[in-house]
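Naming follows writing order (A, B, C, D, E and F), and every chain is counted from residue 1.
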Amino acid sequence: MNTLLLVIALLLAAAMLGAAWVSIRVHRVATAMLAAGLVSLFASVMFLLLAAPDVAMTEAAIGSGLTTFLFFFVLGRVRGGRDD
Amino acid sequence: MDKLVNKHRSGRLRSGIILFFVLMLFWLMLSSQLRIDVFVIGTIVALVIVLLYGDGLSFLTELRLTPKAILTGFQYYGYFFKELFKSNFKLAGIVLSPSLPINPAIVKVRTRLQSRMGRLMLANSITLTPGTLSVEMDGEWLYVHWVCMETADIEQATARIVSGFESYLEVMYG
Amino acid sequence: MIRNFAVLLLLLGLAGIFIHLMQGYIPATELNQSAHYYAAHSAEDLGAANIVTAIIVTYRGLDTLGEVTVLFLAATIIGMVLANGHKAQRSLQRQLPPSGELLTTASRLLTPLILLFGAYVFVNGHLTPGGGFQGGAILASAALLLLLTDPLKRFSHRLIAVVESLSGLLFIAIGVLGMVLAGGFLDSRILPTGAFGTLFSAGSIPLIYSLIGLKVGAEFTSMLNNLAETEKS
Amino acid sequence: MMDWIAMTTGFILILMGLYGALTHRNILRIIVSFTLANTGVNLVLVSVGYMLGRTAPILDKAVPMAEAVTRIIDPLPQALVLTAIVIGLGITAMMLTYAYKLYEAKGSLDIASYRELKW
Amino acid sequence: MEAIMDIIGGLLMVGGACFLLFGGLGLIRMPDIYNRIQAGSKTTTLGTLLTLAGAACLQPAWGWKLLLIGIFLIFTNPVSAQVLASTAHRRGAHQSPLTEVDRLAEDREGKA
Amino acid sequence: MVEILIMLAAGITGAAFLLALGRFVLGPSRFDRVVAFDVLTVIAITFIVLAALLENRGIYLDAALVYALLSFLGVIAIARYLEGRF
């Protein structure tokens, strides 16, 4: 059973690194923000696997709604700037 | 005029009370234990929420409180889950077949429902059932994306997509 | 080009430090001294089933006070920075397309549930994972849902300010009471410890965490409110 | 083993975030990279407290009070990270607010256009 | 008795996972955004519900919380799917050439 | 027997996860990425339930509850941005 958790953790770690790579390499700002949200989502599950449900819950509560909203709100306000 | 205001106020009171009881039910489910301290705190929290956010809805706010409506509610959920399974198997069939037999279209259907909860549940049910996805609701018109379009005619599409759920929801919510 | 090279050099140095750290890392097999103390004593002394909560609220209560202060400062600074600009006028606001009937109904339906869940999370902070910070974030998420449904929706500044300052004051008052009645600042044993595992247990921990939750929720809501009040340039 | 995976991921995330923050020119991209590095730091801190074969520091039926010392992991890093995440959101909101104000003042998000800050 | 419940729970979980897999497959194979939303919303809802039911069979004590997760999922998942579809239509997202009828676009043009 | 079934379920869920991730990386338009994001959140709920089962701790479910209740907020925020409403 422990091995299964380990495999899930490996999968999540790989996905997290992939999402982070997308986030810093992609051309569009919106996609970068979306990928950062994905990293936060995977990090939350990872915290749970590391036996830290409190931290996982905090990351879930904050990463699922508030952070995404803040980023996209400011992006929407400044859109039309030259550097999109 | 006075009567109307009174009716509105009593309706508000009724919906507030119903919301309170639904919140209590959810609180007890969340705590999953029946003890006096859980009950006390739950009462306080639900009361504060009802006072702060008075125009909240709940699953039961617009439900007609007749035995028939409640019975229909159970039938509705049975039908809903049956359709959910059917839709998933259908979608699995589409996805797994190599030729991808789809025929998408956005069709327009009509609904007779008036209450907000009924309309929300209708749209949600349509989203979750065979091959259809509600895109937009505009008055009595509902625009539905259909993976395997069978007919573009409004009346026939209404009969295929909506009427199954509508017959139940009309009894429940009106 | 030079800049990128310098960045890569810096990151290589950092990576070297990290690799060195990882080579020196030996996974612990026993709890260290302080963790051992917390594990052995927090349940008996404070009656809190969630040891993380016990640490945050009581053992390191002063730190938490600092965190709440930092958050308060952040919210205040955001308010001050944004208050300088021209506030949006109702009449000047853009004509927005209607926000979809289904979303409106769904938000009416879900907002009370989200509020209830937030309250559950911070009231049960000493029994389940969760607590004031998470609960506050969930409360702010309910405000966010209202804001997303109706972009012109504004929350009452006065209500937010009253909730925030009242909960902050009560938090400090309970802390001082702990100094008077029990062992020190924010000591939770001013109330009876109660039966282990019930809602009314762990002294004043649930009370303090509820206050923290309300305060954090009010701060996040005021942040969202201030941001939403800015005008699109 | 789990802690090694998490720690490596956290360190690589920190490096990636710093790389992004140092090479991008758009302020919003820099802030996004900072949140990545923030997540990495949190991951490293939590993984330091992990112990093989132990479970979360919450006592209930599965972990009775008497077995707490031998069954739970180190709760201290979790308590630190818990508040750090909330503070991180506050800091992110503040950075975004500044970015918005800077954009209002200059009409651009490119850091190369803020010449007054150079000396 | 418990052994039978365990087997049923495990089978339910495998079934739910299969539906999740079909959802992922649909996400890859479907040609345009609306069909992908269909594949994404329906199958993930049922798949997660089945997984939750399986977990409830394995651990009956968690039943209430799993039921709550299911209720919330049923009410939030279609809402996000609908909002996304409506936004995609308003922004004129790419439609597959297979699409035969688009009443919504016709009505929009009629109004404008 | 049950262990094998759970392992199978976890494996299939992992495959679904990879497929959704592939749609996120490939996705030609932003909408496709948002759909993939939505699906990945729901799959994360499944992972959380699996972790709770494997570690036999019911309290882990609270995190799944948070995602079930709040995940649609992120999608709605992105949809609002894509509509150009902010």
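By definition in this document, contacts are C-beta pairs under 8 Å (C-beta built on N, C-alpha and C of every residue); 3 or more make two chains touch, one makes a residue touch a chain.
Note that the structure is predicted; figures quoted are calculated from it, not measured.
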Minimum number of chain-to-chain touching steps separating chain A from chain D: 1
Chain B and chain A - chains in contact with each: C
Chain pair with the higher count of C-beta pairs in contact (B-C, E-F): E-F
Distance between the centres, which are taken as Cα means, of chain E and chain D, whole angstrom: 31
Geometric centre distance via CA averages, chain E-chain B, whole Å: 16
Between chain E and chain A, distance of the C-alpha-averaged centres to the nearest whole Å: 21
Shared-contact residues (touching 2 or more other chains) in chain C: 50, 52, 97, 100, 102-103, 106, 109-110, 113, 117, 121, 128-131, 133-134, 137-138, 141, 144-145, 148, 220, 227, 230, 232-233
Residues of chain F whose C-beta touches two or more other chains: 6, 10, 17-18, 34, 50, 55-60, 62-63, 65-66, 69-71, 73, 76-77, 80, 83, 85-86
Touching two or more other chains - residues of chain E: 25, 37, 41, 45, 65, 68, 72, 75-77, 79, 81-83, 86, 90
All chain pairs that touch each other: A-C, A-D, A-F, B-C, B-E, C-D, C-E, C-F, D-F, E-F
Complex contact set, residues of chain F against chain A: 3, 6-7, 10, 14, 17-18, 21, 24-25, 30, 33-34, 37, 40-41, 44, 47-48, 50-51, 54-55, 57, 59-60, 62-63, 66-67, 70-71, 73-74, 77-78, 80-81, 84-86
Interfacial residue positions of chain E with respect to chain B in the complex: 19, 22, 25-26, 29-32, 34-35, 37-39, 41-43, 45-46, 63-65, 67-68, 74-75, 77-79, 81-82, 85-86, 89, 96, 98-105, 107
In the complex with chain D, residue positions of chain C that touch it: 3-4, 7, 10-11, 14-15, 18, 22, 25, 27-29, 31-32, 34-36, 38-40, 43-44, 49-52, 55-56, 60, 63-64, 67, 70-71, 74-75, 77-78, 81-82, 84-85, 127-129, 131, 133, 136-137, 196-197, 216, 219-220, 223, 227, 230, 233
Chain F-facing residues of chain C, complex: 96-97, 103, 110, 113-114, 117, 121, 128-130, 134, 138, 141, 144-145, 148, 151, 232
Residues of chain C that touch chain B when the two form their complex: 100-102, 105-106, 108-109, 111-113, 115-117, 119-120, 123-124, 198-200
